[in-house]
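Next up: the structures, one after another.
Below, subunit A partners subunit B and then partners subunit C, in two separate complexes.
And then the complex of A and B:
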């Protein structure tokens, strides 16, 4: 499948044109790449934030699609949710209610009180099946990996029933290799963000990651490799900007214009935007039991977010690691409006940063915000205080 | 010899101030901003270098500011107009604690602490009623160009009230006054006083302190600066505030100058040479 139907020979196009196409695709609330996949006879598995083992859908020939909300008005979804809930939960449902997103299977993980009900609401509104994946609440039990393997196996049965195809160990191993390649490419992208952030605008880096949740992964791998190979040749000036880490984009996503505004004021050298698509931080090894390997990777070799609780990796310590690893000079701690897990972590984050002497800015955002003047002014004032202190 | 360029891309004019390491101004250039911001920002820097007799490789740093700051060609960094204007005002008057900046599309008041850091600020509302555009439109209604405003004001014998609430509504007021035989100069002064009233309201909101320094393109008109001084003297809250008026075109270039000086500050802070700043 080509990433951009209107750009037939996209590999002959200039890099800037390809990046523009990427942004357009990510911002299109009609999800045209998903629509094309389904129109060509494919089946689609939609999974809500944060982490989902996409290899399971891929091994059954389905397209795993990351539901990450959209900058749209949740006209229909407002009737299904209370007004006190976050936006992403409503707009993700809205995409399905307004017909932009047609699914064959929906899976969510109860990451918070709002998301806990999402699968039930999907099942009451759509004919396709909806499932809940119960990722372990306790990562520190000796039985956690075994439990998770069993949970993945349970989910496989639902995926197979919808796909009409068995998920064989061989197929799963091949899918893991495709996603290992994806993980390697995404790591290369973040290495570049850290080492030469001036080569790629923040919104372009964001779009390249987001497309992993919208395109067949082989297509995305080809696209990302093509872009990464061309970025070093780019004629871009290194500016004298502050290097920052953005924390708070693990579930609801900031609108692309806000990402652009952040990237204008500073270099965003690391972040947790769409962290679920980058959750496994190393390759998953090839073994005789690929389900167990996937489960083990989630527990033993994964990133962090406010919705995974693991005593071995306190989130504030993980944030400091991220800051040091990226040689960042400051942190933007943001939370989506009404996001309880995000807001709760802010306390620990700010305390740890204060103790470590790392400057930070606390702010909030909403995916369908349209005015960025206030946030941008806050950010610019924060940055100027650092630059001219 | 190295230079730092401060480039202030305003809504109406783009200004460039080139300074030497000791802060001395080597060249100033101004062009109409137009709609091609990267091009005009490059033009003003090139013209400033030419005026200073310097080559492009003598440029150690480019600090951008103003409405179009994100679009400045080859910039090293950008800062908000608030920070740049404050630095520009402080360079001329180190005792500055409040800055009033009236530009083509915005009016800003900033209060500074003893170390020159921004404590608080206020901007005008989204419409252009309290800005230079309001004066320009008033002048244009009466058939005068922007550059004729200063000369027109100098002939005013009095003023007539003009509502500063809306530049569009002000047009009908201007027509009414003209139909009654009011002199254009007196109408222009009325518009100036209306604008000054709005600026004093902003000053009150930030609890402006002495010394107040006036910057921005509109304040290059002597009568405009005088109106601010008079209004503050007449206002109970404004009495006792020392008002610094920058001479000639300095008010218009103050923000670009501030940006340029901040560029030197960054270079000094980094302990960097021009070469290391630009190294990949």
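And then the complex of A and C:
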């Protein structure tokens, strides 16, 4: 499948044109790449934030699509919810209710109190099956990996029933290899963000990651490899900008215009945007038991987020590691409006950063915000304080 | 003199509420003593307290959810919320958490006494905020935090042991219980006593049997107890005294009282006009007034989802098998916590069964800012249920802790309109002969 149908020979196009196409595709609330996949006879598995073992859907020939909300008004979904909720919950349902996203299977995870209701809500509104994948919330039991392997096996049976195709060990091994390639490419992208952030605008880096949740992964791998090979040739000069880490985008996503505003004010050298697509930090080894390998990778070799509880990974320590690893000079601690886990984590983050002497800015965002004047002013003041203090 | 008004009857009616208050006050007195003596407590949660194991180590058990709701009922919650917000917590997170943070920052000072510091925190994943809450204690007190992760229903309502994942889930819970026991042994320096566990399981079985009988008895008309106000007292005892002889005796005596009331048609309301179910968590900042706004119209709460999900699984028709205590406890925890989650996420299916069983005239949904677990799906569940069944309902939002989002006047307007609708509906129905009666 071509990533951009209207750009037939996209590999002959200039890099800037391809990046523009990437941004357009990410911002398109009609999700055209998913629509095309389904129109061509494919089946779609929609998975809500944060992490999902996409290899299982891929091995059954389904397209795993990350539901990450959208900057749209929840016209139909609003009546399904009360007040005091984050936006992503509403707009993820809206995409399905307004027909932009047609699914064959919906899977959510008990990541937070709001999101754990989504499976029941989808099941009341749609004919297709909807379910919860119970990723473990106790990463520290000796039995966790075994349990998760069993949970993945259960999910496989449900995916097979929807896909109408068995997930064979060979198919799963091949899918793991495709996703290992994806992980390697995404690591390369983040290495570049850290080492030469001037080569790629923040919104372009964001779009390249987000497309992993919208395109068949082989297509995305091809696209990302092509872009990464061309970036070093770019004629871009290093500027005197503050290097920052953005923390708070693990679930609801900031609008691309906000990412752009951040990128204009500073170099975003690391972040947790769409961290679920990058959650496994190493390749998953090829073994006789690929489900066990996937389960082990989730528990033992994964990133962090406010919605995964692991005594070995206090979130504030992990943030400090991220800051040091990226050689960042400051942190933007954000939370989506009404995002309880994100807001709760802010207290621990700010205290740890204060103690470590790392400057930070605390802010809130919403995926469908349209005015950025306030945030830009906050950012400018923050950056000026850092540069000229 | 009517049988309703004999001395014996007067003594019996209301006994459980009086006794419940005493037991909860005694429980807080014990906690205060533990705090003064510097003894550490086990911090636990209502949905999966694991009292069964903790009692065996003689750890005082603290329910921070109960502590927090007490601050709202006693009208000091707003001071605590301010204190936690000054510390850095957002106005948009759970009020229970913030009130507890303030209690912790004030070295356990609480309107009911003093809360001891934790030696251990035990949580389930029934509510995600439990996890974030325990992480706060971990940072504040540097104590072991033990998670009992209980996988919930994957699709629809659980089929219990028939669920495809049941065996895998059960093995996971069993393993975690063994790990909890090992941690308790480590922090207390005491050996685990399996016979004590058997005894505790027996008390929980007695409590559960009686609790279910009490819920069932409220099918009577008039309903002998108010599921909201009386029910909250029962829940306090069900949690604080879970697995104790005093708890078992309390509920057995409660059955006696409720049966007495049913036999004599003594209702919780003098004049029961409408039978209602309550969905959500009560409005504690104006608890009495909130209830009055319904009772003034003759609205009797005959049931509530709160009496399901906050009962620690006592509402489920399940009994422990003391002959295989750990596995049976794991099964009870798995099914009980899962049932609590189902009653929050799939409330429409459970309410549908309740409509006829309890002869409901209406359903009151009370989503609250503080609790997304309970509240997120209420509007959609209400929509779905109204498509299947013709039962009037009211959707009124406020909070269980934060009086800043409780608008009493607005609430009263909505409630009055709801009852006017119920009255009009009743009049309409009375005026329209049924098809079965041969009407046109």
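As a convention for this text, the second predicted complex is superposed on the first by the 389 of 389 C-alpha atoms of A that agree within 3 Å, B and C clash if a C-alpha of one lies under 4 Å from a C-alpha of the other, contacts with A are read in each partner's own complex, and residues count from 1 in each chain.
Note that in this section a residue touches a chain if its C-beta (ideal position, glycine included) is under 8 Å from a C-beta of that chain, and two chains touch if they have at least 3 such contacts.
Since we're looking at a predicted model, the values are computed, not measured.
Peer 1: Just from the overlay, do subunit B and subunit C fit on subunit A, or is there a clash?
Peer 2: fit
Peer 1: Look at A:388 in the shared chain and tell me whether it touches subunit B only, subunit C only, both, or neither; answer first, second, both or neither.
Peer 2: Touch partner of A:388: subunit B, not subunit C.
Peer 1: Of the two partner chains, subunit B (first) and subunit C (second), which one does A:141 touch, if any: first, second, both, or neither?
Peer 2: In the superposed model, A:141 contacts subunit C only, not subunit B.
Peer 1: Which holds for A:123: it touches subunit B only (first), subunit C only (second), both, or neither?
Peer 2: After superposition on chain A, A:123 lies in contact with subunit C alone.
Peer 1: Would you sort A:150 into first (subunit B), second (subunit C), both or neither based on which partner it touches?
Peer 2: The second partner, subunit C, only.
Peer 1: Please tell me which partner, subunit B or subunit C, touches more residues of subunit A.
Peer 2: Touching more of subunit A: C.
Peer 1: For the combined three-chain view, what is the angle at the C-alpha centre of subunit A formed with the C-alpha centres of subunit B and subunit C, to the nearest 10°?
Peer 2: The vertex angle at subunit A equals 110 degrees.
Peer 1: Name the contact category of A:309: first (subunit B only), second (subunit C only), both, or neither.
Peer 2: Second partner only, subunit C.
Peer 1: Aligned on chain A, what is the least Cα gap between subunit B and subunit C? Give it in whole Å.
Peer 2: Minimum C-alpha separation, subunit B to subunit C, in the superposed model is 22 Å.
Peer 1: From the superposed pair, tell me which subunit A residues show up as contacts to subunit B and also as contacts to subunit C.
Peer 2: Residues common to the subunit A contacts of subunit C and of subunit B do not exist here, since the sets are disjoint.
Peer 1: Looking at the complex, which residues from subunit A come into contact with subunit C?
Peer 2: Interface residues on subunit A, with respect to subunit C: 79-85, 89, 110-114, 116-117, 119-121, 123-125, 129-134, 136-138, 140-144, 146-147, 150-151, 154, 157-158, 306-307, 309, 311, 314-315, 335, 337-338, 340-341, 343-348, 350-351.
Peer 1: Quick check on the complex: what are the subunit B residues that touch subunit A?
Peer 2: Spelled out, the residues of subunit B in touch with subunit A are 61, 70, 74-80, 83, 117-118, 262, 265-266, 269-270, 277-280.
Peer 1: Which stretch or stretches of subunit C touch subunit A in the complex?
Peer 2: 87-90, 92-94, 97, 125, 127-129, 131-132, 135-136, 138-139, 145, 147-149, 151-156, 164-165, 168-169, 171-172, 175-176, 179, 341, 344-346, 348, 367, 369, 371-373, 375-381, 383-384, 395, 397
Peer 1: Going by the contact rule set out above, which residues of subunit A touch subunit B in the complex?
Peer 2: Interface residues on the subunit A side: 196, 237-241, 264, 377, 380-381, 384-385, 387-388.
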